[in-house]
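Each structure below is given as structure tokens.
Shared between the two complexes below is chain A, which pairs with chain B and chain C, respectively.
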Partner chain A sequence: MDSVDLTTFNRLKETNPDVNTCIACGSCTATCTAGNFTEMSFRRLLLMLQRGKEAEAKKMIQHCMLCGKCTLVCPRGINIRKILLDITR
Partner chain B sequence: MNQYIFHPFVLPFVLGMAFVLTYCLVGLVRVISQLPKDDRQKFLRSLVTPKTAWANIRDLFGDCLFHVKIWKRNPILGYMHSAIAFGWFMIIVIGHVMLFTLKPLEGVEVEGFARTFTNFYYPIFYKHFAEETPVFAFLMDFFLIMIITGIFIAVVKKVYSGVVGVKHVTKFGFADNMIRFALWTIFPFRLIAEKTDIMVFWWLYSIDLMIFMCMLPFTRYMHIPTEALFILMRHAGLNAREPRKGYALAQIYSCPSCGLCIDACPMSVNDKKSGNTSAYFMKKLRNADDAEAKRIAETCLMCGKCVMVCPVSIESCDIKFSQRAAIPYNIICDHSYFDVISTEAQRSGEISVTEPQVIYFAGCMTQLTPKIMRSMKQIMEAAGEEYEFLDKDGGICCGRPMMLSGKVTEAQAMIAKNTELIKKSGAKKLVLSCPICYKVFKDEYHLEGIEIQHHTQYINELIKNGKLKVNKGDVNYVYHDPCELGRAFGVYDEPREVLENVGNLRKAKSEKELSICCGGSLGSFNLTQQERDEITANSLDDLMYNHPDEIVTACPLCLKTFAKKSPVAVKDIAEVVTDQLIN
Partner chain C sequence: MKENILIIGGGAAGIEAATQLQKMGLTPIIVEKSEKLGGHIAQWDRLFPAFHPAKDVVGQMLDNVKGVDVRLNTEVADIKRDTDGFKATLSDNATIDAKAVVLATGFDLFKAERKQEYGYGIYNNVITSLELEKFFRTGKDERIGNPKKIGFVHCVGARDVKVGNTYCSKVCCTTALKQACEMKEVFPNAEVYTFYMDLRMFGPGYEDLYLRTQKDFDVKCIRGRVCEVSEDMDGRLVIKAEDTLFGKPLKMTLDLLVLMCSMEKAKSIDKIQQQLGIANNNDGFMQIKDTYLGMNGTAKDGVFVAGTCTAPKSLPDTIAEARSVAVEVFNYINNK
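Here is the complex of A and B:
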């Protein structure tokens, strides 16, 4: 566990505290336009970051079209679109 | 008697005037040199094209002097501003006319350079040097009094803005407050000086003018000279490509910080300072406060209401766009999966016509509100249309959200794919349910020979040509104008005609181009859910003004946003029509 690099996730937690409120319900994944054609899944993306798999997460984001459906359906009101943009900043 | 018409009190004015003229000339050269080459040519050509030249003259008078747009919005403010601007202009013009008709003090002959130098200040201080004819005296006094009445309203507005119908005013810093005070006192000083000829007042008048001229480039009053340039550039059809250069710079300095956009901005309900509004955005850009400008650009809902109410017609949304494009997101897009998508795959399992007349693109947001899709299907079937779904099982995004984040190039992949699919279908008409899609399809797609309609227009057409028969029910509806359908394309009448056919239409408090964003806009990246909810509540209050039974909208995103908070049922226009179908 100690070898896991959480820099990105910790930075994300500071700029977007709402990532902490995710309940991993998967609504975002179920509704994702890109997820219809690829493995894109925001729920999994957060998990990846929590496990320090930053490169994989960033690769996944490449499929995103920023359409914002995930943000709309999130029961916790997490601003997912902004988080996706912030990860790559 | 002096040999020249001169008194030392003219010097402060002369200095101030020389400074401001030099500054404006340098600024003009700077802005024009910053324009991209093709824009510069376009701009110079527009100056000699009769059509744009006429529009230039019309707006230079209409906007800069008479402030027609402010008059239309608020007559008291219109009078206030045009009294000051037009009055001042007339005083300068009449002063110069007198220059050629009035003889200066007898026995004084001024020639050559001295003559030119005298002409520079003579119309401003003529009363000290010469007696004018009664007609001129009357005209000069008339316009001076007109200016002073305008200033009186301005002072009242400063003390209590509610009197003139303004809720929020822009907060100014030291420089802006000081120059405003200088402006307010110039004309009373002139009046007293002219009537009494007391030297102190001539000095105060001249010094006030100097303060005004010297501070002008560093304050909001820079809008006076810049607006003229901006009008010319606007008519040339330029686009702001960079947030602080060329055309955008001309717009930044043309913003008078009047604050009319503050009352209009839906985000003003979030905080009393309204720091997210366009007036402050332009101010941050002017002060080169990059971080804040970027933050506001990313927070804005892009509803376009500020652009609609702006008396100067500053295209602040375009500048915010270019500001967003300047933010380095490092998303490398990989949209290669688009390749597998084909119309054939989309058609899977669906019995479809070989040559559809109409192709229906629901879009991402409509996929989230399947009742709109079902209603549209029902309507098209009832009307006997030969149609096909482009994205029945989920297509790709239209590209507008990607463009909203400033990533114009990346959006091209989606635009190209959708264009390919639509063209392949062979349909002659594309029907969309989502105004967000409608905007990008209209602006960015090249679909020659294919008519693009939003479903409000489409349904209205079906009812009009008798293909769709509906009952007139007795439900009282209020219609919410989605920003990207109304303000962007002026589709105000079609949805209202449809609703008149199926029920009774009641008015909202703010309608059509003044409609308030639902708060759900994809334009904003930063707004929190709570802030969005406040905007939604405010917009709902406005819609509920005449106690309708149901709220009707024509945007799936507005529908979803309102449905969460509305005290009455919220429906899409397609659902309402389906409820009243006869066949």
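Here is the complex of A and C:
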């Protein structure tokens, strides 16, 4: 953790403070349309960014179809769809 | 000292507060809207963590409260502050003059149908924790049958901004594990799963219960929140969650799903609360005077609170608060 590059995560945090509020319940992954066929998991994606695995995270995002079901089920009310769009911007 | 103390609510908090106030020489009067004392706990079969029958505990409390003036099937219709304290008019038109008021009005169970994605009221085999207790008590519930695979969902209506309840309801984790063990007792060949976000075994003996759940009852605890429930062609339930520790989405077919419903502040007291000027917190529970030292006080002189009207609580927590409210009221009356 000493040499982790958090640039992307910190940039994301400025416009989306709720990236810090995930409790890793897995609702987003469970309901994900892409998650049943691919490795797509927003919960893990957030962790990847916090561990400096930006390239992996961006590769994972490619599976997302922006259906927004994850945003509907999140018990913390995280605007997941917007965050995913912001990461790729 | 023959001062009247009006206690609204005849559940665990109200009964225990009345018992102690009577011993202190004051005159508690319990006003209870239902037809009997005991509140929610009287609907329970056995209590965690020791599996004691609720009726024994409630029975003992009812013995202790003997001699107290209890008004059943009665609500406080109206309450006013006067120079001597409070004047309450009851639903049967009787009036009570009291020096102090204790709100011990408890909780409503979260209405499970509000989490529509869990299918309560839509699918036959989805039941609530309270309904399961009734099954344990009476042995009857035609929805239960002979289940081979049973699931429990934690945090239904708790820690969930989508229903407006961001708080932890405190007792559901332990209740879920207790009920999971009991299901294994009734159906030894069934597989039992619980789906949790965090297991909050905060009290004495609770972690031991968790260990027994794993060791003696072979209940499987899966860390992941159930996000969808549907029904298959055979009428069995299909649930979706993420097995977060394994890092994979999970689909499971179940014969019975039990929803661990949270506590919300009882709404029936709203009008009286307003008349007394007692506000709620953002979480909908009543505001107390101070988080650390004033858990029984309110912003209003002479109005006290105890039990689950201020936050979700276990029975021992509630009893402790009921005893401490008696001390607070006693000191208030003596220092007046």
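Just a few scattered comments:
Convention: the second predicted complex is superposed on the first by the 89 of 89 C-alpha atoms of A that agree within 3 Å, B and C clash if a C-alpha of one lies under 4 Å from a C-alpha of the other, contacts with A are read in each partner's own complex, and residues count from 1 in each chain.
The rule is short, and it goes like this: contacts are C-beta pairs under 8 Å (C-beta built on N, C-alpha and C of every residue); 3 or more make two chains touch, one makes a residue touch a chain.
These numbers were taken from a predicted model, which means no experiment stands behind them.
With chain A as the common reference for superposition, the partners chain B and chain C occupy compatible, non-clashing space.
When the two structures are aligned on the shared chain, A:Arg81 is found in touch with chain B, with no touch to chain C.
Once the two complexes are laid over each other on the shared chain, residue contacts for A:Ala24 go to chain C alone; chain B is not touched. When the two structures are aligned on the shared chain, A:Thr33 is found in touch with chain B, with no touch to chain C.
In the superposition on chain A, A:Gln62 contacts chain B only, with no contact to chain C. With chain A as the common frame, chain A serves as the apex of an angle whose CA-centre rays point to chain B and chain C; its value is 90 degrees, to a multiple of 10.
In the superposition on chain A, A:Arg43 makes contact with chain C only, not with chain B.
By the document's definition of touching, both partners, chain B and chain C, reach A:Val73. Once the two complexes are laid over each other on the shared chain, residue contacts for A:Asn10 go to neither chain B nor chain C.
When chain B and chain C are set side by side, the one touching more residues of chain A is B. Superposition on the common chain A brings chain B within a closest Cα-Cα distance of 5 Å of chain C. Comparing which residues of chain A touch chain B with which touch chain C, the overlap comprises 31, 36, 73, 77.
Per the touch definition, chain A reaches chain C in the complex via residues 23-32, 35-36, 41, 43-44, 73-77. Against chain B, in their complex, chain A makes its touches with residues 31, 33-34, 36-38, 59, 61-69, 72-73, 77, 79, 81-82, 84-85, 88-89.
Interface residues of chain B facing chain A in the complex, by the touch rule stated above, are 328-335, 337-338, 340-341, 364-365, 367-368, 393-397, 399, 401-402, 404-405, 407, 414, 520, 522, 525-529, 557, 560.
Chain C makes touch with chain A in their complex at residues 117, 155, 159-162, 197-198, 223-228, 240-244, 247, 249-250.
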